[in-house]
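Several structures are given next for inspection.
In the two complexes below, chain A is the common chain; its partner is chain B in one and chain C in the other.
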Partner chain A sequence: MSDELTNHIASAFDRDLEGIQAQIMKMGGLAEVAIMQAATSLETRDEELAQKVRRGDAAIDALEEALNEEAARVIALRAPTATDLRVVLSVMRMSSNLERIGDLSKNIAKRTGVLIQMQPIGSTAASLRRMAREVELMLSDALDAYIQRDEALALDVIERDRDVDQMYNTLFREFLTFMLEDPRNITACMHLHFIAKNIERMGDHVTAISEQVVFLTSGRKPEEARVKEDRTSSDARLSPELDQDGE
Partner chain B sequence: MYDAPNTELHVTQNDIKIAARKVQVYYGDTHAIKDVDVDIEDKTVTAFIGPSGCGKSTFLRCINRMNDTIDICRVEGDIQIDGEDIYDKRVDPVQLRAKVGMVFQKPNPFPKSIYDNIAYGPKIHGLAKNKADLDEIVEKALRRGAIWDEVKDRLHAPGTGLSGGQQQRLCIARAVATEPEVLLMDEPCSALDPIATAQVEELIDELKQNYSVVIVTHSMQQAARVSQKTAFFHLGHLVEYGETGKIFTNPEDTRTESYITGRIG
Partner chain C sequence: MSDELTNHIASAFDRDLEGIQAQIMKMGGLAEVAIMQAATSLETRDEELAQKVRRGDAAIDALEEALNEEAARVIALRAPTATDLRVVLSVMRMSSNLERIGDLSKNIAKRTGVLIQMQPIGSTAASLRRMAREVELMLSDALDAYIQRDEALALDVIERDRDVDQMYNTLFREFLTFMLEDPRNITACMHLHFIAKNIERMGDHVTAISEQVVFLTSGRKPEEARVKEDRTSSDARLSPELDQDGE
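Moving on, here comes the complex of A and B:
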């Protein structure tokens, strides 16, 4: 007896499970595109592309709804157990993470529409694009890990979210500095900061997706809670204003 | 064993009712049960699942020595109930079967009245001193079998005139009438419709307050619904035994997983 699970005796069950997994991959693909296009539209100040991202979110939302209905149908009709149950549960959880990534991309695209009408703030748009690129690569790997049932790759993605958090903290300091230099930067910096925060949140959603891959392959959640390394954004004593006061 | 902080989680764990060690069963040259070790808890429903011919019914029938009735069948190893070896020469199989009741796949009421179906066992085991005693035993058993309300006005009608689901509950009532400690059920719902099945499952859930119930079932969903512990048998081996929730969400063995997810029959 091999260690690999074979097909179901009821082949329609296999088709159902393949169906929802194909849908989650499609949703993931759309989310990847949304992340990158939102960040690119900001850097290249491309209102048309930003509009495309804003409109595209409806497709991701529709897929989430279809997926949840399909998953509910599989639960009702097939009573999945063990790995099959974990496939259905993980797909449902991942779909809500991907839906949130779609929303956050849409929010970035909305802010882009406003930011295009203002002066660019240094090279922060390029930094944001690099940060978005990192999250997009993480998502791409998380989805690969899902399809290939690759727990090691999923754990690697979870690890990489630290880099994204680091990039966010760096940008946070940068925006504060720009705002301190010139109050006229504040509106733009506030929007840019929300964009950075959105990308950082997307990283968290990708982490959650990777955790679902670990759950799917092993039946467990990854144990260790991540240690927060940089506390710039959560500790008032670390604010750059204090540096300026000579403290 | 367990670390100190874990022990609290296990205080509710029930005592071991049936302990089997290195059980082997042969039908002539066929080795039907191979090296089965299992501890079955008291006041718990334990489900035996597995494909046809895996040995689950054979093993169940070892627990009340029903296999003694088959000439070519040979049982080796050790099975203890409450620490007593049931295959000891001094054990009377008839007395053992009063202590270990059994319910079969097809309802098999005696061709007698409903009352006599229940009264038969207590009578031959001398559990009733007089008619009033016997009446009480019959009513109590029918109530435990969750069928009293349906038959109380026709206790002297033939048991065979009841519906399939009622007949099966009558058989369960008959099995509990001798005050057994263990109840063995060999696919008790396979001949019943979903409503009667639900009634029997509800009954099994109530019975576990007083008995150790062991049920063989081909319905994985039934095992999931009624049992707290599940044992998966495959080709005569006990492959995996554990908490039902764990077996159905995250089994250890690939063979268990393949079976419960519908990949091997």
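Moving on, here comes the complex of A and C:
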């Protein structure tokens, strides 16, 4: 193949890749908004905003599908080199993480509709909003790290996921206490606990995105990025950490 | 390119694909075992078996990584046609579903270690084992449907996921009742509820695998395969269905 043709194909691939990356950024932006609006609707008991989040998830799902089709088209059409292929495949993985973050936000918004009809449980809604805010900032940094191929920033995001896990562990104990105090708190606490778990899981998805960035920039996997403390032995009754590597 | 060369490449791709599909079947087999051993260890309160499940997850994770690397290698090396590419990409998606089923089984096995130290809650452990058994059978059929490109069987598996969701909904209400009856049941029920949720989520992953089969065989997406009843409006206090499209 002539050099000219090679260059032509190469630049064509780069243009395709730019298009795919633009879509990922758009998806990431929608996911960030979904996280914050879901948590805010819970704290402010704003059913209208919760509805907006529930409806908005369809746009994120549509973007993932379009992105996967475009990525498959590019691979089939350009037959990229192993390195370029790795980039395209990493984008497909990232899009599935973002799609799940959208699902989890939607689920939080569904529970908001139910929780609005019950008594608030202490200041847990505010704690959940702070937790969601931290995850949103992590996602924003993870996307920047991807675009700038900034491994240090990606590793920093992975590190910060521990704070989110810690927030979850604290909330888990709070909910348990509220339930033991008064059985009438049980149903609300079950829903709030699910919300906390969903936010903690969003953090895991953001971590997975950051791990993709580390892999792309350095070719190595971040050494067991999601080491979770497990206090099971010392405190078996309260062990929320039990399934933190789940999903 | 001469026909001979084309055929040569084609058959080389087919050999690669057979290797990849063999790995997927191996992964699926390990996931099936993990599901059943996790649920059995809970019912029989067998910590040794639970430990086995926790240790066994590493093998499933290793298979996923090997499979993704092999798939990427095949795509880069063989530059498959759009149709062949779709098959390879679907295998990568399926492997990530199987990897998550392994994680969820591991998490159930972790909770088993904790629950063994508590009083059993009615016959819920037996119900959970029956639920897990149903998911295991669905997974076995989904893998057969994939190998035989049997769309009817895949659609049947998708249909059966509704029974699993129904089992989850029933258990959710049981746990709530046990907690309201006696606060001393709360901690055990929180763990058992997580286990029920994990099994329900395994069913969703098996459904996702079946949807891949439908897509491969017919090129069409099964029309919203996971329509869940949502009794929120009629029964807002008990609404486990709330996040069944999550993860």
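By definition in this document, the second predicted complex is superposed on the first by the 216 of 247 C-alpha atoms of A that agree within 3 Å, B and C clash if a C-alpha of one lies under 4 Å from a C-alpha of the other, contacts with A are read in each partner's own complex, and residues count from 1 in each chain.
Note that a contact is a pair of C-beta atoms (placed from the backbone, for glycine too) under 8 Å apart; a residue touches a chain by one contact, two chains touch by 3 or more.
Here the structure is a predicted model, which is why all the values come from computation and not from measurement.
K.L.:
Have a look at where A:54 lands relative to chain B and chain C in the superposition and call it first, second, both or neither.
P.N.:
A:54 sits against neither chain B nor chain C.
K.L.:
If we overlay the two complexes on their shared chain A, which of chain B and chain C does A:160 touch? Say first, second, both or neither.
P.N.:
Touch status of A:160: no partner.
K.L.:
One more residue to check, A:129. First (chain B), second (chain C), both or neither?
P.N.:
In the superposed model, A:129 contacts neither chain B nor chain C.
K.L.:
Go through the superposed model and pick first if A:13 touches only chain B, second if only chain C, both, or neither.
P.N.:
So A:13 only meets chain B here.
K.L.:
For A:111, is the partner it touches chain B (first), chain C (second), both, or none of the two (neither)?
P.N.:
After superposing on A, A:111 lies in contact with chain C but is clear of chain B.
K.L.:
Tell me which partner touches more residues of chain A in the superposed arrangement, chain B or chain C.
P.N.:
Per-residue touch count on chain A favours C.
K.L.:
Output check: A:219 vs chain B and chain C. Expected answer is one of first, second, both, neither. What do you get?
P.N.:
First partner only, chain B.
K.L.:
Which holds for A:198: it touches chain B only (first), chain C only (second), both, or neither?
P.N.:
Once the two structures are laid over each other on A, A:198 reaches chain C alone.
K.L.:
So chain A touches chain B in one structure and chain C in the other; where do those two contact lists coincide?
P.N.:
79-82, 85-86
K.L.:
Along chain B, where are the residues that touch chain A in the complex?
P.N.:
It is residues 220-221, 224, 248-251, 254-258, 260-265 of chain B that touch chain A.
K.L.:
Which residues of chain C touch chain A once you look at their complex with the stated criterion?
P.N.:
On the chain C side, the touching residues are 68, 72-73, 75-76, 79-82, 85-86, 89, 92, 96, 100, 103-104, 106-107, 110-111, 113-114, 117, 176, 179-180, 183, 186-187, 190-191, 193-194, 198, 201, 232, 236-239, 242-243, 245-247.
K.L.:
What residues on chain A touch chain B, complex-wise?
P.N.:
Chain A residues touching chain B: 1-10, 13, 79-86, 219.
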